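Remarks on the structure that follows.
The letters A, B and C name the chains in turn, as written, and every chain counts its residues from 1.
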């Protein structure tokens, strides 16, 4: 393949793509080229926040213990500088800041970032509770270190608690990039808008969906495949800002594969929702909900040998973990 | 631990593994060492294609707006050079090119790559439609930027539309490496063979499986946990090339957890498939299919207080989103 | 924003976080700063092990075929050195080694690592069987190379077989970090404690959970969304070390979405478990278990037009793949 020939074909492809850019599609952002948030920088900020929150667990070659304070100081300054720049970039998207001069946007972005970083001790207090809930709830857990370094649930909760603090300060886009990063690592999709109480425990995790307007109380446990969702998107954008997702009160356990749907649905405190249950109405406090078992058919050598209901199998059958 | 001792044990392990390599297992590829595709290079090509497709969203330090054309030109030349090399490597696997001389393989690989890159404006047109479908369909979506930068569904569709163009040009292996990369990032497993129409929207995404011979029309929406699958692999390799996966016509919505199975199964246009429904036969156009509700049992203080069917709860109960 | 002002606020945030560190929370590991395992190093070890196990598939710029032995030797020495250091770090966590002097811990860690690396030929023999099972079982599979480079199931099994060898040698934490890395890449959550026989095949994979005390025989196939789990964690830490997960005998196929739960549950050899089945009691050998179909309701133009059971649809309906 001669270089010339490659050059000609590359040029032709270039021209066709440039012509396509001229069509001003919604997928282009040519006009404000420098003003998109940078996903890689946001992931780097997440990694630095992990080091601040779990000192000693996420390591750094440059980290020497006799310089611990100095190292922490560098991490904080770096997050402060880079996060406030990223917030300034996205704040154009936000009606509240729109039209203000660049200096004003930078000042507000900086103030939001300072306020966000001030929440870290509070976030650490919540995460300590989540860590204890995980150790208490999972017989396979051997140490705090194992949960911090290996459990996807704790990682997803950590990112959610951080992203939620930005979300409630009206930072657009960045909180969602943060939680979708956690989603890609863990399979756990918690919208940054979701409000989550103390001692929250997620086991296994893959396939969990928690919607934007969900409210979760203290000491709640959820397992893989649980959906805390909305009932229909047929309303599309008209439903924006409505409470579309359920409220889960304190001390509720939701076993794997259960779906709880709708903005007016409240699961009362101390309730237990069995595996695969499908709930669209409120449940009173202290209720155990189980689905009546499947009918199972057994065949051997082509002949049906038995038909049973799961409920006959075991009254605890709905605790899938 | 003395270095000598380490050396002796390392040598013994080395010898045992080399002896194992001599057994000529199917998991080795010693003979054509340089001729495997390189997964890292393919991921790098994906990242460059994202920059070409969504200009301004996936950034590059080197990217200056007054050099936009020059930057794009560099991206295209790089993809052209590296992708045609990767295709040449795998084309040995392909019966069609087998036995031709290396020069011929390189020429054909280059032509396939040029032809692939010529499809980018068409792919961008499709993706713009997908983007609009996402914004219209999801009340939690705030901007095009949020969808492009954070939504796993759009990422998976983008990779699928690219990989499919290579798949239909008979490029082996590389399309699947591309879609499995998207699968690892998103939990969405769309085979590159699947044919997907305009305005396709995937919400949440984790746990979706779309098989090789699936055909999807325009304006289709699917939610997390949906399987568009085959009925049985007991045929194994004998089923290769058969249509094993369903056809979904235009304007169909499939709610979360539903499974639609079998190569002869057609979901007629304008149909709605309720959450968790299990479909193995064709559905006529304009049909809403819902599963009759679960029987739920409520217990309080050890006593059964109520038994209800989900259908009594809410007639919209099957819209899980 | 003046640098001074930034300095003042950064200092204030630093002080509040340092004060929080003083509270001696369970999420801190300040005291033994150098003694945490390093997740990045463990992931690097996994990548090197992949190169040793699948020679020719995972490439390295430095890898020249006429230096293949030398390259392999470097990989082995590197894994030996780094893995034994990581094991020494975590072995403090392990009661067995606690209190021994550092030299003794290092010697034992080295011996465990040597013993682990000696298992590689045996692990490769198992993986070759897994590879054949995948090619035979999946009509979409085109070559061994495609399965090795693209199939998440084989990746998860590879990591599990490696991690299991460390787990049974009582190495804490590291095996779980390894399998959770595979979980984050694949959505397949197999605890390193699970015992898995020959010719194991996982298709699609996302959403699979296999618990710590699961035992799986030879020639077992499982599909996406399968849970081999426990019945309840209400026992929490009291259940540690109990057999809480099922036993799956030889030649069993488990279709997607099925849950098999409980430590005393045994699925007899040559059985087939249908999609979405929920099993909490043992199943005799040679049994095909299917759930009796859902009742489906069809509506057109607002009127119910049909009610059918899935079983009427197709007797093979439960094979979801």
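The definition used in the following text is that a contact is a pair of C-beta atoms (placed from the backbone, for glycine too) under 8 Å apart; a residue touches a chain by one contact, two chains touch by 3 or more.
The chain lineup, named per UniProt: A, B, C = Serine acetyltransferase.
Everything numeric in this text was worked out from a predicted model, so none of it was measured.
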item: Homomeric contact chain A-chain C: same or different residue positions, threshold half; value: different
item: Relative orientation of copies chain B and chain C, as a Cα rotation angle in degrees, nearest 5; value: 120
item: Centroid distance [mean C-alpha coordinates] between chain C and chain A, Å; value: 22
item: Touching two or more other chains - residue numbers and ranges from chain C; value: 187, 206-207, 225, 276
item: Contacting residues of chain B [partner chain C, same complex]; value: 1, 6, 9-11, 13-14, 16-21, 25-30, 32-34, 36-40, 93, 172-173, 176-177, 180, 183-184, 187, 189, 191, 193, 206-207, 209, 211-212, 225, 227, 229-240, 242, 244, 259, 261-262, 276-281, 283-284, 286-292
item: Of all residues in chain C, those that touch chain B in their complex; value: 52-59, 63, 65, 68-69, 72-73, 76-77, 80-81, 84, 106-107, 110, 114, 117-118, 120-121, 124-125, 127-128, 131-132, 135-146, 148-152, 185-187, 203-207, 221, 224-225, 256-257, 275-276, 293-301, 305, 307, 310, 313-314, 316-317, 319-321
